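Shared between the two complexes below is chain A, which has chain B as its partner in the first and chain C in the second.
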Partner chain A sequence: MSHGRRRPIQIGWLLASITRQPLIASLDFYCLIASQLQMAGCSTYVLTEKEFTANANQLISISNSIGDNWQLHHFKDGDVDCYLSKRLTKDLKLSPSYEGESVLDLEEENEVEDDVNTLSTASVGELCTFEYHVMYSSSYAAPVLYFTAYWQDGHLLSLEDLWASLSKIYQCRLRADRWTFVTQQEHPVLHRPFYQLHPCKTGLLMALMRECKDTQSSHGDGIIRNMLVSWLSTVGPVVHLDIPVQYGISIQDHK
Partner chain B sequence: MSAEEDASGGRINDESPTNVETSPTSEPTSPAVSKDKGDKIDILLKATGDAPIMKKRKWAVDKKKKIGWVIEFIKRYIKCEPHESVFLYVNQAFAPAPDVDVRTIYECFGAEGKLVLHYCRTQAWG
Partner chain C sequence: MADDREVLREIWDGKIPICFALFEEDLAASVEQPEPLYSYFPLVTDKVTRHFQKFVNQEKQGEMWLEDESQPLKWHYPIGVLFDLTGAETKLPWNLSVHYQNFPEEELLHCPNKDAVESYFMSMVKEADSLKHRGQGDFHFIQRLFRPMSESGTLHTLRDLLQHFFPQALSLGDNQPKRYSITIQGIEPPLETPVQWLSEHFSHPDNFLHISITSV
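Coming up: the complex of A and B.
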């Protein structure tokens, strides 16, 4: 058969057929390819399943010693058989100026702020319960933060409310690029919709953390790390998950 | 000596920390002096990855300022693009939450009168 000589075309056709998948799946596919390409170009950190499990166990032991309420759940699927979870209730204040900022121009925005109804719902803090799950993703070789949140009356926190609830220091970054932040995904174990902090660049972020070392000190590479805690303490505060400083201290003392 | 310190303390600017060192190669102030500054802590900022190096690395920062404020300051200083974020690390492995104050972090991770903070610039949030 003459087809043997035309292998490149066949591969092209194969790729095309893969990308003809449903929108969400192909987005995820592109994201994965993009992160793989970045892996080839820049340094990235690969967190192995073993390291994830060890880090998770260390996190749990610190959590137990300081009463931070993290829990370890076991399930049977693949190489990683555990995930972490934590539930906490926060007084959430939605920033009033957020409303309509991207849609309305300045004049109209003033009108929105004058509206008594908008202000009364937006500026008052309400209790919101967050549930965070930290899982391992074999595809990204990285930990992934899933979370869901609900108000006291039971209705779920919407994406718009989540955006509006972000602390002032993250608002600038959010305005510049809000779509690479969180995605709603099916929870891999519970099969319920959860928000997922986008794992595309987690590997790069972890590589940056690894570069973070004191070049002057002779024991530069003797740093005791827990990549899971380093990563979680970096990205957690963005979605209201603060990691107490005791984790940083305990890991250093854990030698 | 104390009058001088009081004078510099009185000049605390809310917009930016007081610069205590103009050249990165010059000697850092002695720990004793730094500790006696009362409401200020010496912070040493070190760049990681492709983050630009700050010409002045050592800053005296009000103890009550939050970590988030330091992040904002660095972002302005190194002229971050709006889509970029700056993260701070202590002990080269832990990122303190933005609403923790500098004093707490100094008490936990500071040594010899100063607190070393590594900063990295990234587009990532996940």
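Coming up: the complex of A and C.
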């Protein structure tokens, strides 16, 4: 763990190259650290709107240079005045979910039996278009990831299908948090239903990243960091949003 | 702290009569019952569904949703807030259509079960908690949050708040016609009411003070 603390920047990416299972490892790692920080009474990281906007602009300029298709939208509406968006189409394979997992929760899955039956026919893979929005929440002083997804016939991806599309390890890891990790919420600007990654732990995750940064700077090799990118590269892959490693490299080269 | 207990009691006990009528086939099948303003529709409509069970084609029965004059109702807001948003002119009982088909998934959040309501409610409470208890040490001023007091210590009023966020809601002068009505918990409070008092007495259980601004 102390090793992790010293090499904080791209824990997700580092582990990705070693284990090829970036997120389960990094998420577990973060959750562990986050709960320790919480117990130790550590404060959460407060991302100001100004820092969010600066981070978002940097993300856009890197995205433009590597053709990653992120876009910045400006508007004025209450909480926020810009958000990032990205659209991508994925070949989704749905595995009949929850099978071979702990029996504890099987009871409550009975009601989704019909869905499981339809899933099995779709298990060869179907095209699904995701639209991701990243915006600032002044309540949490943190970035929030929203997304929606629809099949080629225009139907929205259901929450059941989303869970079934996640790899088994994540399904297993996140099953305890099923009702809190991803929920459907009203989009704060578009006022349409979107899925939201719940932001209540984001501040703690970023506090961990800050701690790493402070450790680093005391060694004199001040790291330039983009909190938004660090956070997004950690949580995004859970919901099929990959952040290429070029972002990390560009941010470091920026010094 | 909140001290006007009678006001709190009145708000907590607030109910409105709602008439639920099944959409389409005008079967004259309707059920009328009083619903608590602080509650959420999925928590109170079991009885409605039981009542309509025999009229609905079981094979076609999908997720239930409610409509108010062709406006689908967002269940994730408290009933009282949804009612306030219809404007002050709505006559009681409040007439709603009940649907079991063609769920408008572009507009409404799905509500597969009561866990979804709990999950939504908890996320609102967490958000409120995050706002209330953000450590003083990390305090950064975020302009769009509204403080109950001015720098000099005078209490901000509802008028100050509207002036800040939505000035067009305030009429320009005494003899100008009113263009918007401001409703909280079914009441149009005087604009001189301190925001602090409103927050303590008129907030919903989700810890938010929902202010409805509707054009007249």
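By definition in this document, the second predicted complex is superposed on the first by the 178 of 255 C-alpha atoms of A that agree within 3 Å, B and C clash if a C-alpha of one lies under 4 Å from a C-alpha of the other, contacts with A are read in each partner's own complex, and residues count from 1 in each chain.
We take it that a residue touches a chain if its C-beta (ideal position, glycine included) is under 8 Å from a C-beta of that chain, and two chains touch if they have at least 3 such contacts.
Since this is a predicted model, take the numbers as computed values, not measurements.
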item: Touched partner set for A:G248, first chain B, second chain C, both or neither; value: first
item: Chain B versus chain C as contact partner of A:I169, first or second or both or neither; value: first
item: Touched partner set for A:C200, first chain B, second chain C, both or neither; value: both
item: Residue contacts on chain A - larger count, chain B or chain C; value: B
item: Which superposed partner A:R192 touches (first chain B, second chain C, both, neither); value: second
item: Contacts of A:P237 with chain B and chain C, given as first, second, both or neither; value: first
item: First, second, both or neither for A:L208, with chain B first and chain C second; value: first
item: Those residues of chain A which chain B touches in one complex and chain C touches in the other; value: 180, 198, 200
item: Residue numbers on chain B that touch chain A, as the complex places them; value: 46, 48-49, 68, 71-72, 81-85, 87, 89-100, 104-105, 108-109, 116, 118, 120, 122-126
item: Contact footprint of chain A on chain C as seen in their complex; value: 74, 76, 105-110, 112-113, 115-116, 118-120, 122-123, 126-128, 130-131, 134-135, 137-138, 140, 142, 144-145, 165
item: Residue numbers on chain A that touch chain B, as the complex places them; value: 144-145, 167-170, 172-173, 175-177, 180-181, 197-202, 204-205, 208-209, 211-214, 223-226, 229-230, 233-238, 242-243, 245, 247-249, 251-252
item: Residue numbers on chain A that touch chain C, as the complex places them; value: 43-44, 46, 48-49, 78-79, 111, 137-141, 156, 158-159, 179-180, 183-186, 192-193, 198, 200, 203
